[in-house]
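What follows is a set of structures to go through.
In the two assemblies presented below, chain A is common to both, partnered first by chain B and then by chain C.
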Partner chain A sequence: MNQRLSTAVPYLIAVVILVALPLVLQSYYLSVATMILIFGLFAMSLNVIFGHTGLNSLGHAAFFGTAGYVTGIAIVTYGVKSFWTSAPLGILGAAVTAAIFGIIALRVSGVYFLLVTFALGQLLWTVAEKWNSVTMGRSGFVGIPAPDLGLSFLDLESPVGFYYFVFVVFSVCYYLMARLHRSPFGYALQGIRERESRMRALGYNVWLYKYIAYIVAAVFAGMGGILYAHFNGSIAPSHVGFSTSALGMLMVILGGAGVLWGPVLGAALIILLQGFASLLVPARWPLILGALFVIGVMGFRGGIGLHMVKTVRRVFSRGSNQG
Partner chain B sequence: MAVFTICLLNGASFGCVLFLLSSGLSLVLGLMGILNLAHGVLYMLGAYIGWTIAAHLGYSFWIAALTAGFATGVMGLIMERGFLRRLIGLPNEQVLLTIGFVYIITNICLWIWGSIAKPPFTAKFLTGAFTVVGWPYPYSRVAIIVVGLSVAFGLWWLQEKTRIGAIVRAGMDDREMTKGLGINLELIAGALFFVGAFLAGFAGVIGAQLIGANLGHGLDILLLALIVVVIGGMGSVQGSLVGAMMIGLVDAFGKILFPDFAMFMLYFLMVIVLVIKPTGLLGRKL
Partner chain C sequence: MEAIRVEGLYKSFGGVVATSNVSFKVDVGGRLVIIGPNGAGKSTLFNLLNGQLPLDSGKVFLFGEDVTHLPLHKRAHRGMARSFQLTSLFPELTVMDNMMLALHGLRKSRFNPFRRTGSYSTLRDKGKDLLSLFDLWSKRDEQIKMISYGEQRKLEIALCLASNPRLLLLDEPSAGLTTSERQVVMEMIRNLPPDIAVIIVDHDMDLVFGLANRIIVLHFGQIIAEGTPEEIQAHPKVKEVYMGIEEGNGNA
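Right after this comes the complex of A and B.
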């Protein structure tokens, strides 16, 4: 009981802070907070295959962007009004893309998996940029309205309303991913990460587990992409390709793949820094981002989240049970 | 028939540029297991340095190519000695680190050379054209093929016929065992990284005869080089040559036959090779 309470307290504090944020933040900072939740969801979804299964994908934005595009096209081009239709369409788009890419990419492993997922992501980027009649080409697909939930008392056009909407979706996805992580399926994935040959010897269909994990991760990434498309009102080829994929990977590594909320922490750091840098030195942001990649890799391997957890544990255990 | 011959030459010349680039990437990946995503920006940096020396300052094209290669080689050596050597066996960290270099070098290039693309340039004695099957064809493209095939032969000879090549091949097969025999593999690995980075910058200047220098090349050309490595297989000079020539030819013929889908043909080729032989056509086993 005590154990359960002590794990629940940090979550309660986080929820209280996140719910109270709109009361203290101005609309610009509230939009930054919304961005953090959206990219936190994206980074967590990447961690389902990256941290938990050990598949290093460099093309995860493919699902983020595809879902965003599909939702946008459904709403703007085909006039699908309700969020309850457009969002499932977007998620279906991401899942189908993952089902196809997974068959190709999972033929290889290790570094080759990186190369192939990278190439497949860039393939979608080419499609998004070249298929002008459908995707509006290089400048991106624009004019995506706020989601229409069919609930008239909710004003999702206002920053505060949209923030709470994103918060609810984020919380549901977080809960589902946490459950997945601690389910038999999740443990099997971690077993595959640790020793694939042993899992195979135990009778697990390793390929199928990886394939399903790949699709599940794509579904959550797609949810992030849908939120982003509504939030930004547009989605661009870069959201399908390399730069967004790499950013997601940096968020996971910087925040810590070993901790469930690590990727969210990473996302918060990157988005906050991006916010400040784009105000102060917009032309040099790539330079700062590049330096961040280098510093993050050289200095914080294992992630900031893991360092935080260790520090907290050390403080609370008073060093009594340290072996 | 004329169109066919021209396409063949175009494909072979672009394939040779891709070979110069991807051979370094493939050998470094094969020997050290290092995936250097900054290889493409080294190419781009080489092209810009070459443009400055040859087109802007007016020195010889070949001096420009060698200087650019040397500069990117030193750059590569710094990346390897300072950073990548500590990340052996950590592919994710290598990828993130080299992505960091992609952003840094691209932004510095933007700072120095601006956002306007530099036009193609070539050596003075290569500016003319001769007649192939009734069409004028530039000397510069033929020069690219000659340079590319010479380097390919040189690398093949180095890897298959010399003692250093034998050490490199042994290191790819069994790293620990090679070290255990008292061979300074770190030294060889560093030298190989320098050669790979040198070839990337050199390829940038050679390739600038076709496509000039452009800030987008850092990623565009990297993508092509990675597809070459996937198709040809890592750690093999012959594999890189075969893969690069296939990509070059498919690209050249694709642009004529299906102008809108040329890029997709390359992916299609990659997927077919992955389905038939996941380790690449001539690759070593992982």
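Right after this comes the complex of A and C.
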């Protein structure tokens, strides 16, 4: 009971803060908070394969962007009004892409997996940039409206309404991924990360697990991409390609792959800093990001989230009899 | 009834022959021990039996079924379990988590993405029994990297038993154990249900002659002798290539 309580309390505090944010934040900062939740979701989805399964993907934005494009094209080009149709289409787009990419990429492992996923992501990036008639080309696909949930009392055009919408989607996805992590399936992924050969000897079809995990991660990334497309009103080739994939990876590494909320923390840090940098020294953002990454990797191995957990445990164990 | 039968196993690594013309069978209830000097190809043979390495030629039958081309995990589902010479656990996970992974391995529940892995109470009870049997229950919440080598070796074997195997392959189960731990492991193997077939690779002569009802001697990847423990002890070729090295230890 006590242990349950001690894990529940931080989550309750986080929920209270996130619910109360619109009361204290101006709309610009609320949009930053919305961004953090969207990219937190994206980074968490990457962590399903990166941190839990040990597959280093550098093409994860392919699913984020594909879902964004599919949902945008469905709404704008084909006039699909309802979110309940456009979003599943976007998720389907991400899942199908992952189902195809997975067959190719999972033939190799380690750094080769990284390279193949990178190449596949760049392939999609080229498609997004060159296929003008469908994707509107280099400048990105624009004109994506706020999601239409068919609930008239919700105003998703307002920053506050949209923030709460993203918060709900984020929370549901977070909960599902948390359940996944502690489930037999989730433990199997961790077992695969640690020792593939033993998992096979224990009766696990390792390839199938990786393949399913890859698609599951793509579905959550796709959900993030759909939110982003609605949030921004547009989606661009860069959201499919390397820069977004790498950003997701930085978020995971900086925040901590070993802690469930680590990637969300990483997303918060990077997006907050990016926000401040764009106000103060816009041209220097890549430099700051680079320095941040070096400091994070050198000084906080395992991620800042892990160091926070360790510090909190140290403080609390001092007061209890566990020593 | 035969548990496993292999015919004409052959494996080479870039021209170096690791296993050549190996054929044998083990019946249900059999206790086969494979011995041989270092580099005789014992571990390679195990890897061929459980499918970790592909065969160059030969056939493997498991309970009468040709499994030569079946992958590792499917052989596990047909009742084959295997321990590893080099401890092969999940170092970042706890002892209990390791056990739960082994317990879920052959069950449909292994695909469940929603339920807590520890909430399967029958599996938990079974895990508790197994861990208690090896004196590991008190260490259940320790990460693998925090427990001793001997404890890791015991868990290595405990994980194999989690699946209720019908054929158990133990790769040097006594390696690195203290004398008393060795006794525990020997007792455990002796107490295995009689309908399980066991194949053991080991160097410890007490264990070899204490448990085996048949012994195979490997030398340079080939079987140079096969028989009951008494026959092997009397075998002149065995004395020459194997017992000679371990002078005086050959008498169990």
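By definition in this document, the second predicted complex is superposed on the first by the 318 of 323 C-alpha atoms of A that agree within 3 Å, B and C clash if a C-alpha of one lies under 4 Å from a C-alpha of the other, contacts with A are read in each partner's own complex, and residues count from 1 in each chain.
The definition used in the following text is that a residue touches a chain if its C-beta (ideal position, glycine included) is under 8 Å from a C-beta of that chain, and two chains touch if they have at least 3 such contacts.
These numbers were taken from a predicted model, which means no experiment stands behind them.
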Worksheet item: Overlaying the two complexes on chain A, which is it for chain B and chain C: clash or fit?
Response: fit
Discussion item. Quick one: is A:104 in contact with chain B, with chain C, with both, or with neither? Answer first, second, both or neither.
Written reply: first
Worksheet item: If you count the residues of chain A that each partner touches, which comes out higher, chain B or chain C?
Response: B
Worksheet, complete the sentence: Between chain B and chain C, as viewed from the CA centre of chain A after superposition, lies an angle in degrees, nearest 10, of 80
Practice prompt. Examine A:115 and indicate which partner it touches, taking first as chain B and second as chain C; both and neither are also allowed.
Written response: first
Discussion item. With both complexes overlaid on chain A, does A:145 touch chain B (first), chain C (second), both or neither?
Written reply: neither
Discussion item. One more residue to check, A:198. First (chain B), second (chain C), both or neither?
Written reply: second
Worksheet item: Of the two partner chains, chain B (first) and chain C (second), which one does A:298 touch, if any: first, second, both, or neither?
Response: first
Item to complete: Scan A:180 for contacts with chain B and chain C and give back first, second, both or neither.
Response: second
Response to the item:
Smallest inter-chain Cα gap (chain B/chain C, superposed on A) in whole Å equals 13
Practice prompt. Please identify the positions on chain A that touch both chain B and chain C, taking each partner from its own complex.
Written response: none
Worksheet item: For the complex, which residues does chain C have touching chain A?
Response: 50, 52, 71-73, 76-77, 81-82, 84, 88-93, 97, 100-102, 104-106, 109-117, 120, 159, 163
Worksheet item: Where on chain B does chain A make contact in their complex?
Response: 29, 33, 35, 83, 86-87, 90-93, 95-97, 99-108, 219, 223, 226-227, 229-230, 234, 260, 263-264, 267, 270-271, 274-275, 278-279, 286
Worksheet item: Which part of chain A faces chain C closely enough to touch in the complex?
Response: 179-180, 182-188, 190-191, 194-195, 197-206, 216
Fill in: Partner chain B, residues of chain A touching it in the complex
50, 56, 58, 104, 107-108, 110-112, 114-116, 118-120, 122-123, 126, 130, 242, 246, 249-250, 253, 284, 286-287, 289-294, 296-298, 301
